[in-house]
Amino acid sequence: MKANDNTAVLLLYCPDKPGILAAVTEFINQHKGNILYLDQYVNREEQVFFMRIKWDLADFQIPKEKIEEYFRTLLAIRYDMNFRLYFSDAKPRMAIFVSKMSHCLYDLLARYAAGEWYVDIPLIISNHPDMESVANRFGIEFHCFPITKENKAQQEALQLELLVKHKVTFCVLARYMQILSPEFIEQYPNRIINIHHSFLPAFAGAKPYHAAHERGVKIIGATSHYVTTELDAGPIIEQDVTRISHKDTVDELVKKGRDLEKIVLSHAVEKHIERKTLTYKNRTIVFQ
Amino acid sequence: MKANDNTAVLLLYCPDKPGILAAVTEFINQHKGNILYLDQYVNREEQVFFMRIKWDLADFQIPKEKIEEYFRTLLAIRYDMNFRLYFSDAKPRMAIFVSKMSHCLYDLLARYAAGEWYVDIPLIISNHPDMESVANRFGIEFHCFPITKENKAQQEALQLELLVKHKVTFCVLARYMQILSPEFIEQYPNRIINIHHSFLPAFAGAKPYHAAHERGVKIIGATSHYVTTELDAGPIIEQDVTRISHKDTVDELVKKGRDLEKIVLSHAVEKHIERKTLTYKNRTIVFQ
Amino acid sequence: MKANDNTAVLLLYCPDKPGILAAVTEFINQHKGNILYLDQYVNREEQVFFMRIKWDLADFQIPKEKIEEYFRTLLAIRYDMNFRLYFSDAKPRMAIFVSKMSHCLYDLLARYAAGEWYVDIPLIISNHPDMESVANRFGIEFHCFPITKENKAQQEALQLELLVKHKVTFCVLARYMQILSPEFIEQYPNRIINIHHSFLPAFAGAKPYHAAHERGVKIIGATSHYVTTELDAGPIIEQDVTRISHKDTVDELVKKGRDLEKIVLSHAVEKHIERKTLTYKNRTIVFQ
Amino acid sequence: MKANDNTAVLLLYCPDKPGILAAVTEFINQHKGNILYLDQYVNREEQVFFMRIKWDLADFQIPKEKIEEYFRTLLAIRYDMNFRLYFSDAKPRMAIFVSKMSHCLYDLLARYAAGEWYVDIPLIISNHPDMESVANRFGIEFHCFPITKENKAQQEALQLELLVKHKVTFCVLARYMQILSPEFIEQYPNRIINIHHSFLPAFAGAKPYHAAHERGVKIIGATSHYVTTELDAGPIIEQDVTRISHKDTVDELVKKGRDLEKIVLSHAVEKHIERKTLTYKNRTIVFQ
């Protein structure tokens, strides 16, 4: 999705019934919308229909500002749909949270600087000053909020103010070593993406590489998920793994893990930017 | 797809136009067919629409023997569709061709014996007697046709007779170390599945593990493809790879490769049995 | 290792000190043993030296029956070594335990029948009669011991008798759906190999595919480990994973998992047969 | 290997004979060198022994500047060894060659800036000005040498001058879209690392993603290798692959391939920096 695309993306789910797919595609076709991508999936166990559809607005006969209303009136109410509509001119705005490690941060910023993603990154937030020089290299505002038990609520309030001021639409925790409060998380439901350095649900919590080494696993992983109030238990967006052996020390796991973490996080962020993720009952549907 | 399913599967492709998806799904919905799976894909570069749709025939109002005609008249001609229609009571019939190695053969037969696949295996054909005991273990007819330059045409003619007699619908070359003649292949277009023991197009032809070792690759692979008259160049259905190191001798590559070969071949066969493959311009579309 | 090899394999570990590697290789070299493979590894954190060495006995000047004594006297005591010595004429004897599923069983038996492994399989034990026909196909004794809470101790005693009678050296639980008692396990320490159908330590215990589906993971796995008295917590020998998506039902996870399970189990069994595994502090060292 | 390590690394190969391993380890042990890592491998087919050994020089009794001479005199001549000796205070110096794409460049520079590697990067060379801003971000000298058929020899001569001036020990072609002349390559035998955007030997040469798409493969790859005078045919250091489907356009292959390319190249560079690679008959031995 790019600014000059002039496209719309619709994500929806609803109770499965005959005719939904035909109804939605006809709504777009008959008003001269050119469908560019369509991916649908029916969860047969729970009888739920999921869909992502993207179309060209160039000749679409319903004015952009009226599409949501028309779709709701003509289709969503009838089929009891839960839907979200996005336009290509609404560029997502992403804030990055970091602590002291640079590998995920660099991977995000390199893609951003290369123009790989249709996103703005107005600011980087940290609880430590270490990554300021990296932020400077890419000309991005950096704000440091040291966190203690005492000041946490206050510092989070200041962070939220900044996010609002910068019109941030989603946050990425790029190895941010702080647990966000439920109050913070509620402001960005399914819009805070974390990377956890294990193959969840194995080794949730602190020191997963130590735990993996102690357990003697032969494969390690990384998991990117939306943040919920339950630690490391939110809907998983992406995972990947790599093979290790008895010869690998904890330090070597940390090193091998870094490459997993950055790629898994960036892939999850990309899916989010491209409006390809939908959350249902603590699981994600990731469209193609 | 199982016999007692009473379902139909439709595979089609045609020039992409607005409304095809809606038209097909409505054709099924309005005659009270319950859609069970649907997967579609548009090749934007070539403007071709591809689709696989499976529906329950229990309440379908068009009689089974009329569906093909109605679909052709009402939709296929209008949209210039190339389509194939399958019913769940037409169980595929598979012949296995082997030479001296048993690993792929056992993997196919174990799945067959366990009832994993909706298929019949009436016969096994070989150019060597070695695998007869394996065929006997599973109670399957075994026919040995030793091949020489001189008798090849004649032996293939006898093989084809057997295939016709047993109403075989597709053939699986489970490490069959003979090149089929164009005349043979033409009888089963896109219905002969081969396993090649390399990551094609690397190391096509004979002795791929020797070639991989000689070249010093760090990963080896296996490729399952439909057989065409050009050696190892047919449409690829499935591939997989495994990591090797400088320590692996050719014998160890052969050993590691066996596990790849059998799994890749069985996955390709499964896709074929489930009517999930469609061939277009020497490439496969593999539906989900 | 094959019978006509006339080779020895030595597995050892001891506190790391300078000179161990040189001492062991010289012990073999100076008595005219031809070293065929050597793999060593030092755990620097715990200062432990691990080694596997295989040599040709053809010209070895120490008589076979004296090697253990000489090695103990000349090296093991001096370096405080824990070691095991194997000769190629002592063919391992393996019992397979199954319940109702055939995929792992077939994979083991196919390799056995093809002569891939240097092993004997004198018997198959089950708590259900279902797999008897598979055992018959391969001409292997099959014994059925239905297990209830009440008869478990008694049935295990009968099983152990059979194992002793058949001189079984290790057991393979090929999806055997019974928990062995500590008394049974103690008879075969680090000599009972299990396959668990998850990426341990995630989803230990019952119904891992259901749990994986519920959690919404994007990758599933299988784990082969030595059985200890703590359920699913023994030393891991081998793991592998495969990618899944939100579209996969529990049934599809079960199907995809089967291929993982059989390959992971067979690879673990092979490492054990080839005397390439060593257990230390609930972790395995798997030599090359 | 770090500057304050005060360690030595020895890489060697020679005709395999009994006693080499013992001789080398004793050479280090008896002069009070503490062995930190040892990896050895015997190519049985060609009867060649390969070894990498790293030891602490703190208490080593042979003066650093004499080690090479002593080792040659006492061991290398006797065993007909080909060897290379490295000391931890000789930090490798790496030049990066780029064209217009930034993904590999950023990945290399991010690791460098984070201090992950024991290396200096004094300069970046390009045939286009595009990457100058990236070089500036990391404070590294950037030199642009536009290449035409006419000026190629001259420009390469100037590049070589720069490399000599900056005491560059090896070069990394991070998607440098120029073929180096044999004259250039001869100056850095086995010291120029390239990344090719395919799973070599498949799709050597130009436009591998187009060729992969055309062929309809189900997996794409990337290959890092030492540059030799034969295009894309040098010793392979590292490869990796990722799964694709019929839905992926060439553009999507390019996107998926970028992540492969950068990780594969960085892993190969790391192995080189850590002195873990040895080249023999157009193949690499990559030690652990």
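Chains: A, B, C and D, in written order; residue numbering restarts at 1 for each.
As a convention for this text, a residue touches a chain if its C-beta (ideal position, glycine included) is under 8 Å from a C-beta of that chain, and two chains touch if they have at least 3 such contacts.
Predicted model only: the values in this text are computed from it and were never measured.
Visitor: Give the chains in contact with both chain B and chain C, ordered by label.
Guide: Intersection of chain B and chain C contact lists gives A, D.
Visitor: Do the two copies chain A and chain B share over half of their interface residue numbers, or under half; same or different?
Guide: same
Visitor: Centre-to-centre on C-alpha atoms, which chain is most distant from chain C?
Guide: Result for the farthest chain: A.
Visitor: Measuring centre to centre with CA averages, how many angstrom lie between chain A and chain D?
Guide: 36
Visitor: I'd like to verify one number: the distance from the centre of chain A to the centre of chain C, where each centre is the average of its C-alpha atoms, in whole angstrom.
Guide: 42
Visitor: What are the residue numbers in chain D that touch two or more other chains?
Guide: Expected reply: 44, 247.
Visitor: Considering only the defined contacts, which chain A positions touch chain D in the complex?
Guide: These residues of chain A touch chain D: 102-103, 106-107, 110-111, 113-114, 116, 134, 137-138, 247, 255, 259, 263, 266, 288.
Visitor: Give the list of chain A residues in touch with chain C in this complex.
Guide: 41, 44-45, 199-203, 215-219, 221, 235-241, 245-247, 249, 282-286
Visitor: Considering only the defined contacts, which chain D positions touch chain C in the complex?
Guide: 18-19, 21-22, 25-26, 29, 34-38, 40, 42, 44, 243
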